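Working notes for the structure below.
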Amino acid sequence: MNMIFILFAVLLGGALLTFFSNKVSGLLRDIFFLLTVLAAGVFFYLFIKKGDTVSFSLAGLNLQWGLNAFGWYFSLIVLGLSTLAAFYALAYMRGKERLGYFYFNFLVSILSMLGILMSRDLVSFFVFWEIMTWSSYFIVIYNGKNVQRNGINYIIFSTIGAYAMLTAIVLVYTNTDSLIISDMITSYPQFTPVLQIFVPILFLMAFSVKAAMMPLHVWAPDAYSNSPMAYSSVFSGALSKMGIYGMIIVFVTMISYLPDSTWFKEIFAWLGAITAIMGTLWAVSQDDARKLLAYSSIAQLGYIITGVAIGTELAMLSALFLAVLHGLFKGALFMAVGAIERQTGTVNFTEVTGLIRKMPWTFIASLLAIIALAGIPPLGGFVGKWMLYESLINSNHYILVIAIFFASTAAFLYCYKFLFGFFLGQEEKEWEHVKEAPALMVVPMMILAIGTVVLGTFPGIILKPADIAMQSLGYAPTEGHLWSMSVLFNEWGDQVLLKPLVYAIAGIFLFFLILLTVKGWKTMRYVTTKDISSSGEVPLEDENLTFSINFFQPFMRAAGPVMKKRMITYYREFGKAIDILFDFTRRIYNGNGQTYAIYVMIFLVILLLLKNNLFG
Amino acid sequence: MGEILQYTWGAIVSFVLAFFVGITYMGLSRIVTARVQNRIGPPWYQNFFDVFKLFSKDTSIHHGIMHHMGPAFMMVTAVMSLLIIPIFNGGSFFTNLNFHGDLIFLIYIMVFGPLGMALGAGQTGNPNSAIGVTRGLSQIVGFEIPWVMALVALMIQYKTTSIVDLMNIQAETGKWLMFTSPFAFIAAVLAMLGMFRYAPFDIVGAPQELASGPMSENGGKYLFVMMSSGAVFAFAKLTLYVDIFMGGANNLIILVVKTFILYMIPVLYGIVSPRYRTEQSVRFFWGWPTLFGLLAILQAAFL
Amino acid sequence: MINDKNSQKIVDIIRNYARKHSLWILAYGTGCGAIELPPTMTSRYDAERLGVRGAATPRQADLLLITGYLTTKSLKRVIRVYEQMQDPKYVIGFGSCTINGGMYWDSYNTIKALDRYLPVDVYINGCMPRPEAVLSGFAKLQELIQDGKANGAKEYKENLKWYRDNQKKVITNWKMPEYNW
Amino acid sequence: MVGSPVLFIAVPLLAAFLIPLLGFVWKESVRILPGLVLLYLLILSVTLMGQVMQSGTIVEVIAGWSPPWGINLVFSPLTGFLTTLMILMGFIIWIYSYRFKNVDFHEAVKYFILLLLMITGSVGIVLTGDIFNQFVFIEITSISAYALTAFYKGRDSAEASFKYLMIGSLSSMFLLLAIVLIYSQLGTLNMADIALKAHLMKPEFKILALIFFLTGLGIEAEIFPLNGWAPDVYSQAPAPVAAAFSGIVVKAGVYAIIRVIFTLFDVSGTHQFLIIAGIITLIIAEMAAIKQERLKRMLAYSSIGQMGLVLVAFGIGTEEGIFAALFLMLNHAIIKPLLFLSGSYLVYHSKDKFINETDGMAKHIPLTSFLFALGAVAIVGMPPFAGFWSKWFVLSAAAHANMILVIALVLFVSIVELVYYFRVVNRIYFFPKRKEIEPKKPTINALIAMGMLGIFILVIGFYPDSVTGYLHSASHSLLEKGKYIQDVLSIGQSLTH
């Protein structure tokens, strides 16, 4: 019995146990759930070595599972984030209904992600991919809020992608009578030119749906924002990375063997950049925190896609680094939103303000996560952004780097909006009662946030496995000439020594903070946010002067022209057109016996007329 | 240990220098404004009085920890960019952290402070502060684009992202980059107008509409740190421009002259200008300056 | 060392010198006297020579300028603004109305003597005072500051109860944050 | 030899006549007897299946009349597989409808007789080796089907039944014509014999006969546009009957048509015809299905679409394609009855069976809803459930035959299918329940029946190898025309000499 089978057996069995123990008792269910996640993690890292594979045959198909360094790198994201999210979920989901359902799908989606990372053949890849789709779909519709729209959008797009992939798989299978991915890669250069173009495109369709790339992203905002926050962190942090995982494989192993792959890469890099820009702009215009984070996830994935598409060593390194980092900070942010949702009952910036003193830990976590998201030193986000820019500049993508830069500068707007909307602003009587979220929710997000801080100074921790993963894809080792534990180089040899910079920043900050604190300590007073200089007027207790409606209206006016029409409206119109067609076909069956008899006759007549063309 | 001391020493000296020059520039700008308005204006050392008075205020209020820390964030940006940017050519002065960060690090550290201060301003709960912050961030998105375009143009033209290399190149060739890549210089200078926040881009402070916006709740020592960080930051930015476009400076006199000439551009432009609305300002930066930035990139890429 | 008398005196001298040369005024310009400020500040008289300069908010201001009469309604705002200013802070009563009600001596809804409600450091006489007078008022205040005599704020703190009583007599709907510095 | 294929015809017919008589003795026997019969036949068919897998086809000669003159039953891997499937379905449907009409004795008698007859007829269609005999069985099936459709004696059911009858009569007419043509030409009715002598036939007659066959059997196999009767029938008949239609009768029709095409005639172009007809049927049925407001109609259209897909798979013509088609038939025979059976409980008390009347049923009848959801997920081909494998094999077969367009259309259609199934599932699980409709708890035997089907779905999904062996040999035996002829006729010689 191979270890990999056992791992999957553990996960599946745990899922079923969790599901059925729900009937018995809530405590038992939680214990089973947690045990399963932990067991999977421990089992994975203890017993499954890189490079061990297992082959077996099912329904006459030769399938193969195994783990390589690349999958192992992504398993870091999956298992790390899911474990924390599992702890978080225990507190977040307490008192909600259908918990067995939720936990079951949670575990199954973890299983499917690990399966994707460990499947060495196309069929099981597809199988796990579909399992991931439906398990996440069942969680997306968990809340039951306008299920038909969000859920169906998500499932339709995922399935279109999946079927594109299925077509590609079938094509590959027919051309190389093998389903093993490595065989496909080796025989790719011998494909016919048409196939050489279409197979990657079909694969990339599937992956870019999951990676929420323009123009296939329209499912993402609703899906991310409607699933419970405990899962959204996994959903946007880890599950979307499966798309990136596939993309990287396709780009490295197929696209680069195309006769002229540059245009292909350019197109995808630009799609990524456009995704980043539009995602950012839409995120800025949101008032619902979940939607804001959803759009920002789209934007972040856009950066990663660009990095993948460029595909130089530095770009790939930055893409891998950003993938982990996005998992960290977006996980933390979704968790923070979940905490606020749980404590206040709303996630709307225009409703809840001034929580900083009520929920300090949540604030700190989301502050760190936001700084990482904005890519500001000394936190981890800067490292990823820096490598991305340098790779773009070094590989002569000058306009692209401007586009990316525009996106990440505009990201400051929604970053500030997030922090201001929830934590800053006037402190209201309405939210006096709000308490800090339970430790089970705070600790995971704090861990994630601290992770971003550590990576800001010592990116080598993640860059090392990333480097190994890239070597397993056939890149040259990059340690030393592109990065070391806390130093970054670009391909021109310019460097950023993170450690002294971070120390300097900390030193200066502390010095002036101490100066500000010590000077006039006795006569320094805290005054409430109601005691503000508003032209002599005293705001009443119940009137909230916080400015939070149409927060970035002027900027939105400036950026208006590009945001006139949303992508989804085009899809809607297409859908309407198709619906008319359906309605027309429905009318063929008009429920009238005579008509049906006439149909029979017509059929017969047609056959008789065409008998020489049809048969012979 | 020794090098830490040396770094600290260098930081202090450069800070003091930047502080004095910056404050003096502020005073001078007030004089210039007064002269243009046919007034006598305050003495050049007026701003030292102001700063010292603010420092020596007896009492002070704050609205919470972020508000308390806001000015420190601002100061981090100012001092860090001062330390990253070489003040004199060829390291004939303290090479503080010149070799530790490059232009992209600089770009990012330059928005560190404003965001931190914005958080502080947000916590005051003063609507003016929040509005000012939104305007400020929008404006950043505006002028960062031509600014980055100019820098990218330089980077790709000279295949380096470090300021020191750019200075060395100018020292070797003896040509200032403002002549070799003029479009980049124009774009950068237009971006500078937004960076310095004089009229018509003073939409953040806007005393008449927003009661000095983000700083409207800061008095006493907080305002002192703000003003001094502003002075240091201004000096740092001017030095950066001098370094990458005007061949740097070998001694204080040249540096002061060059920086002052540069500094006068936004000041003089501001004196005779009204104030833009926010979207006007943002659109301005996405208009001609961005076009010049594009030209600069094209020139760098293809010429 | 810093605590011993002489050094403290020296420090005070320096501080006062700085304070007197940088007066950031918050002009409470509801009265008709406000019209005298523009000429005072602009090129004809150019008060900026003396380091006088407008401040945006009370938090930043040193000098509260009550230009002319105060209605009972606006008194509350004035007090509020004054209490939001940071020490050291000075008040200049501007025009006769602030001294004795002036032409509104028998009005039912203006306050007569400002110094029953706020500690006024300098009065500028006249209805209304010309810019010269205003400048001289500034000069007078600067003298007082240099001599360390312009400590209305301390006085206000000491006799807070008395001021409060007077204020509450006039202001019916009293609703203010506590003043404790 | 545990028993001969004859029993598949004889025993149920006998039972069908015994039921009323025994009913007078002991009422409950009316319900028990069919079950016993079906169970016995199930065991028999499984054992025979094992035998056939070991040692080739069993050909049973009735009444000593050796082929090509007499009637013979052919229990080849293919027919055996289909027989087993049908008997199994019949057994499950019997379990489901054990308590059906348990108040009204006479109704129950009718129901079970007709059900048995229908199953017998379908099995006969599959087993017989003689086209006229097959025609007779088709008539048996159809007549009992008409009666079962009109079982509720309601206005709509009567109308549906009448439509069915009308079209069905057309079908039998054409079949008869085709048979007459063949007999006039070759003077034989034995399939093997016809297949042997087909080349002697005049081409135009041959093609005419083929066309009549296609029309007549196409009506049974629900090819577009001959399937107008189907939606009404499915939606008006009682749930178990609808399940039996989709699980048994349609399969028989499809078998008949492929037998004609693969064995009887050697006419080129029939495969293309199958593909074209199948694709059209598939697309039109699915498009119509997505616009249905009534649950059972939706299922009916979906079932038609599935049959179209089966025809496409057969039309590919390669062994892999036939394998895929049989797999598809198997999955459809398991999943669609599950959907009908559980769906009928979801809309049990609602008068006109609207989809939006299933809202929020999951809270009240969780197991049924779960089984319906399972069936939905399985039939749209989501791994790791049964539907995925059949879809995969169809696609790979199409790809091996370089039919990219087929692949594209099939996938497009399955997206449509996915949409309307998931809409229903969402409604069941996530919509507030309607006040006016109170849910009906399923009886225990119904739960058992549905549970069995659900288990089949999971087993095949997780371990397809459990069935692929049979399917392979079945598909193999369909293609080996010569072996079929030889098997059948050799028996004849052996008897004559």
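Letters A, B, C and D mark the chains as written, and numbering starts fresh at 1 in each.
Note that contacts are C-beta pairs under 8 Å (C-beta built on N, C-alpha and C of every residue); 3 or more make two chains touch, one makes a residue touch a chain.
These figures come from a predicted structure and were not determined experimentally.
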item	value
Innermost chain, where centres are averages of C-alpha coordinates	A
Farthest chain (mean CA position) relative to subunit C	D
Averaged-CA centre spacing for the pair subunit C and subunit B, given as whole angstrom	35
Chain centre separation in whole Å, for subunit D relative to subunit A (CA means)	45
Mean-CA-position distance for subunit D and subunit B (Å)	80
Inter-centroid spacing, subunit D versus subunit C (mean Cα positions, whole Å)	99
Subunit D, residues touching no fewer than two other chains	none
Overlap residues in subunit C, where contacts from two or more other chains coincide	57-59, 87, 181
Multi-chain contact residues (two or more partners), subunit A	523, 525, 527-528, 530-531, 533
Touch-based graph of the chains, sorted into line, ring, star, complete or other	other
All chain pairs that touch each other	A-B, A-C, A-D, B-C
Interfacial residue positions of subunit B with respect to subunit C in the complex	30, 34, 37-42, 46, 49-50, 52-53, 56-61, 205, 207, 211-212, 215-220, 223
Footprint of subunit D on subunit A - complex, ascending	58-60, 123, 126-127, 130-131, 133-134, 141, 144, 147-148, 151-152, 155-156, 159-160, 163, 166-167, 170-171, 173-174, 581-583, 585-586, 588-589, 591, 593, 595-597, 599-600, 602-604, 607-608, 611, 614-616
Residues of subunit A defined as touching subunit C within the complex	523, 525, 527-528, 530-531, 533, 535-538
Parts of subunit D lying in touch with subunit A, wherever the complex brings them together	159, 162-163, 166-167, 170, 174, 203, 207-208, 210-211, 214-215, 218-219, 225-226, 228-229, 231-232, 267-270, 272-273, 284, 287-288, 290-292, 377, 382-384, 388-389, 392-393, 395-396, 398-400, 402, 404, 407-408, 411, 414-415, 418-419, 422-423, 426, 429-431, 463-465, 468
Residues of subunit B touching subunit A in the complex	7, 11, 55, 57-66, 68-69, 71-73, 75-76, 79-80, 83, 97, 99-102, 104-105, 108-109, 111-112, 115, 118-119, 122-127, 130-131, 133-135, 137-138, 140-142, 144-145, 148-149, 152-153, 155-156, 159-162, 165, 211, 216-217, 220-222, 225, 277-279, 282-283, 286, 293, 297, 300-301
